[in-house]
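Chain lettering (A, B, C, D, E and F) follows the sequence in which the chains are written, and residue indices restart at 1 in each chain.
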Amino acid sequence: MRVDGRDALQLRPIHIENHYLKHPEGSVLITIGDTKVICTASIEDRVPPFMRGSGKGWITAEYSMLPRATQQRNIRESSKGKVSGRTMEIQRLIGRALRAVVNLERIGEKTIWIDCDVIQADGGTRTASITGAFIAMTEALLKIHKTKPFQVFPITQLLAATSVGMINDQGVILDLNYHEDSQALVDMNVVMTSAGEFVELQGTGEEATFNPTQLNEMLEAAQIGLDQLFEKQKQTLGEEVVSLIFKEGETK
Amino acid sequence: MRVDGRDALQLRPIHIENHYLKHPEGSVLITIGDTKVICTASIEDRVPPFMRGSGKGWITAEYSMLPRATQQRNIRESSKGKVSGRTMEIQRLIGRALRAVVNLERIGEKTIWIDCDVIQADGGTRTASITGAFIAMTEALLKIHKTKPFQVFPITQLLAATSVGMINDQGVILDLNYHEDSQALVDMNVVMTSAGEFVELQGTGEEATFNPTQLNEMLEAAQIGLDQLFEKQKQTLGEEVVSLIFKEGETK
Amino acid sequence: MRVDGRDALQLRPIHIENHYLKHPEGSVLITIGDTKVICTASIEDRVPPFMRGSGKGWITAEYSMLPRATQQRNIRESSKGKVSGRTMEIQRLIGRALRAVVNLERIGEKTIWIDCDVIQADGGTRTASITGAFIAMTEALLKIHKTKPFQVFPITQLLAATSVGMINDQGVILDLNYHEDSQALVDMNVVMTSAGEFVELQGTGEEATFNPTQLNEMLEAAQIGLDQLFEKQKQTLGEEVVSLIFKEGETK
Amino acid sequence: MRVDGRDALQLRPIHIENHYLKHPEGSVLITIGDTKVICTASIEDRVPPFMRGSGKGWITAEYSMLPRATQQRNIRESSKGKVSGRTMEIQRLIGRALRAVVNLERIGEKTIWIDCDVIQADGGTRTASITGAFIAMTEALLKIHKTKPFQVFPITQLLAATSVGMINDQGVILDLNYHEDSQALVDMNVVMTSAGEFVELQGTGEEATFNPTQLNEMLEAAQIGLDQLFEKQKQTLGEEVVSLIFKEGETK
Amino acid sequence: MRVDGRDALQLRPIHIENHYLKHPEGSVLITIGDTKVICTASIEDRVPPFMRGSGKGWITAEYSMLPRATQQRNIRESSKGKVSGRTMEIQRLIGRALRAVVNLERIGEKTIWIDCDVIQADGGTRTASITGAFIAMTEALLKIHKTKPFQVFPITQLLAATSVGMINDQGVILDLNYHEDSQALVDMNVVMTSAGEFVELQGTGEEATFNPTQLNEMLEAAQIGLDQLFEKQKQTLGEEVVSLIFKEGETK
Amino acid sequence: MRVDGRDALQLRPIHIENHYLKHPEGSVLITIGDTKVICTASIEDRVPPFMRGSGKGWITAEYSMLPRATQQRNIRESSKGKVSGRTMEIQRLIGRALRAVVNLERIGEKTIWIDCDVIQADGGTRTASITGAFIAMTEALLKIHKTKPFQVFPITQLLAATSVGMINDQGVILDLNYHEDSQALVDMNVVMTSAGEFVELQGTGEEATFNPTQLNEMLEAAQIGLDQLFEKQKQTLGEEVVSLIFKEGETK
């Protein structure tokens, strides 16, 4: 039924390769269908000016696409000399989402820089970025934890994201690829914790609208996808790390 | 109970002064509590390059704050030489929202430039901008309609926006002012048509999360506010214009 | 005789609404004919690097137009990523003019930020900005004076500005509107103190020239307009404030 | 009496070396005391977009200082990525001044680019730029005139500029060097044609003011300097060129 | 003897994964030791303005590093709003080098955009970029050749690059890693064709110098490395493609 | 045989005017044929952040062209808001080259700013800049030496640069002018010390290549030109300064 043969509520194949790069404290290559994103986490031993002296940490994210991640080559934002509105929106979303599952007091005055660089794009790059960045960030915090353990591990829940949408004649579908995304009437990104709580909900009618019933259908579809993403994250991190998160999370 | 004495589900006083400026095709000064925004609509007789030859019109929005719209003076974005991520997010939202209630084919190859300039800010500037910009845009299209009538008037529904949120110990509240916004655990902007359909839904946990039940409570609160905003818009536009919109809207 | 029926040496109607906004220390909406400018004054408790340790204060100004303040929509300077030469010239003029009637030693190491935002333009925006900004600045200094009185009030004179010009077949005219300004052979801005001293004189032949006799005629015309502007400023500030300025001014 | 031993109304030594560079259509090195400026004029066979189809020419100017033209090294504007307000003010002034003595219709749709690059600065760089640029521009128009004569030569008068000012205890002085400029209470630039008409008058009180009597004293001092500058320009251009200008000028 | 156990004239392990990405006309992931670069080639059906109408094609390159390709995170050039001098130097080098082995007339008015994005850096990123970009460019031209064969295939030789340098107490070494590069007295990049001709030679003393004898030693070392790189390129491209290049190359 | 009548291995006439400007610590106007560059050296009493506390000095260079240094007027880099890749490459080269003949420890924590401003360009501007900047830098260090002598004078050798190239039918030529440069198949810049050691070697095939034999021919030609440039530098600096350099240089 769908352009790539998937069922309406089926995710594309997911692969997360962690410890992907040599230098960053945390790094993954996340592959969702034909979408591929390198996510890295870097630790810096200070916070931005507006947080100095607060005793709290900070998490900030940057997002970019290689020029030829897409069907048509895009001009580099460094050549244009400015970052597009779309890029800014996405990187603000990623940072905000990650901060929702981290206890910033426990980190102390450190900044975690998340970099999500899309090397191949086929829809869902922002949700793949969040899902992958969560693993890179966890890796980086574990690295600190090994040499200088946190009193309480700062991550409180798993975090993942997926997209849902509505397409003419097809109704609600899960995990839109680029072709579907460009035709969707409604497009919704759902960021959720493994406790089933929303962190961010962004539903947009593309020259169209949606009613409360349709909203609920989309949210249910998202839940199906998110459950599988959390399962994949648990496999990647391993049982020990997952129980470290969940044990600590309860004490938040 | 609330810091300004309002009930949880009570809007702040609203005032919309239309025909506010001399030069623009449409213009309003919208006041919601202490938030004041000048919204103008300008008609340009061509569309951006990516739409040329499509026969369709385009609507684009820009948003800015005077430096001293806020408690602390902000550096002008023209002095910084770049537009912030927050500004970009808001102006993309305003443009997208307005396009959802306009039939762009009916406009023909024209661009409607919306400018929302906040002269005083006390929370809810983006939702006030959308609510006010809808009136300015309608005024501008009416101006065209008077000299060279559209076959079918291009606006298909009224459009308004409000915010809802959750605050510790207070639960769900409607139309957050700045003080409430800075303390909210969850903040949600709801853009809706007068047909009760969502155009945009942006719910964000601020280092917090929300569950599906809380989502529904917030959506119900938003509906209460939006009904009053549509009423205010009808009063401002007058019966004749409203029936022009609704008659045409049905034929979309 | 003039396009709007005025006599050659007649000002347009003036209105100054003070205490216009909630947040700034001083703010006015000044209306001269169809020209409307919001002027605000903000106090910052430090001075720019080049003045630190001098014990003196500083006054700096920024000027901008809303995109649709004019007949044709202008591109925002924040979108262009740079401020135009015209804007820079005007904001340097406003700052310089205000500094001439303030004793900066008496202020101490504080900066007064003046923001002049034109919401509707019909000629004379820079002179209206100076006339209005003087009131906003005075309001802001009075606010400090009330809680922590200056030994000597730092303002030494009233300050106002107007334009004069020469038009083919009409000779010298006062307070040019946009239509007149675009046709003037010579255009002169005169900034003066209430003691009748010049602060700034900028006379420009627009692909034309003027001789010493014409210069004197224009200066006399300006004096007529400035006398009325000082009268209006006195009404706006009230007798008590005016006598505070004049009493202190003498001691300069 | 003055820091460099001059009388109050004495100019510094002037030297104008024309045909200074190989490539530009017109070029001079003008030296006034220790101030040295390279002025070039370049002809481009089209006008800016806003003038196309008008049949008229255009004159535009750019001004810059070498980083070490001054006592302290200045950061290059190309490194800062933007042009300062001071630079913009000066280059707008130079262009405007030159346009006042050229009949743009006679030039046809050509642009004359004036570049004034200060290689050594000791006060009066903007007035030296105007005085030198006039010669470079004349050279460039003569070059056209030789191969393809204008029906009527487009320059209508000589043009020169100088500065005057007031210094504590010294009264009015002519042609301020840097040291005097930094101490002046009032600083006035006077741009004049050889017919004794003003083109531009910019008088500024530097945290000070001046009265009509002082204005007249300064204007008389300027006239003394300008007469000598016109004499120097006539020597540099030669009798033939001067009479070409004056003969044609009368017919304007 | 070397920090990673290599002999003085030994390359690091090389791996070239071609057809690496889905969208670009040509793409490789080249790995040289711990240096990893994604090189893509994109075909655009027009040339830059300065070449229009020439009948010739153009090749241009861009180079960038992911922020965490390095030991310390680098600020993105898109955030800084400008491209560094180092980046510009490298991308100009890559473009120039590739153009030396392509007959631009045979391509016709097309542009080949080369993008080299370093995802992990350990020295030699510019030479790895050239070596990898050659393969990506060849792939892209083959893609055109398959559907619309060139009369004569436009590539005339293989092209590869390597670095050589001199280190205190170690003499000349081949293929410097980051640690060696940061300690080298002399650093030389050699770009060569498979015909043994130099395309570019950039030798730099880092606060040091080198004599003609040392120059020759370094060039001989480079030759050893380049021979192996050409061999690797031949393996990657396959016999058929290599003979297509060499047959055509002779006819140049 | 050459376009300007020179023999293949003949330099253009050279003139170096030192003590050229009043303000900089060192300054020359270097003329090589029709190429004219103003080189200045400025001393700043601190080093860039990355060198603070090292006890070492730093040398950095900037390079620019006046807009009409060339046949066609160039847009100023300050107007474009960014510095071109070519400019960056050249200024990095100049700084690197000068640092190779200066013992930075002996300077202490000072920065020498070199500014090379081309006022007339006819090929070889970067090599003329290096040759001239060496004199300006030496002058500036001598100025320090006179008031506060260095224990050991920090300059260790003379430094000069020239270009060589290959042109169809003419073989190797020395010191290319602009016309030759634009036609050269191969272009090589050679920066050398008076001890006959290379500091920088940049050979580039312009859509062409060169073999080791041709490389040697070009290096021999460069040596001929460099010997004459060192002689000219010695004349300019005078015997006393030259022996100061050479005596100290030996002790490096």
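Just so we're on the same page, a contact is a pair of C-beta atoms (placed from the backbone, for glycine too) under 8 Å apart; a residue touches a chain by one contact, two chains touch by 3 or more.
Just so it is clear, the structure is predicted and the values come from calculations on it, not from any experiment.
Distance between Cα centroids is largest for the pairing of chain C with E. For the pair chain B and chain C, the fraction of shared interface numbers is greater than half, so the two copies use mostly the same residues to meet.
Ranking all chains by how far their C-alpha centres lie from the centre of chain B, first place goes to F. The mean-CA centres of chain B and chain D are about 52 angstrom from one another, to the nearest whole unit.
Inter-chain centre distance (chain C to chain E, centres taken as mean C-alpha positions): 61 Å. Note on chain placement: the centre of chain C and the centre of chain D lie 29 Å apart, centres being C-alpha means. Among the residues of chain F, those in touch with two or more other chains are 81-83. Beginning the circuit at chain C and passing next to chain D, one meets the chains round the ring in the sequence C, D, F, E, A, B. For chain B in complex with chain C, the touching residues are 21-24, 27, 34, 38, 40, 42, 44, 62, 64, 66-71, 73, 76-83, 87, 113, 115, 117, 119-120, 122.
Taken together, the chain F residues at the contact with chain E in this complex read 82-86, 88-89, 91-92, 96, 99-100, 104, 188, 193, 195-212, 215, 219.
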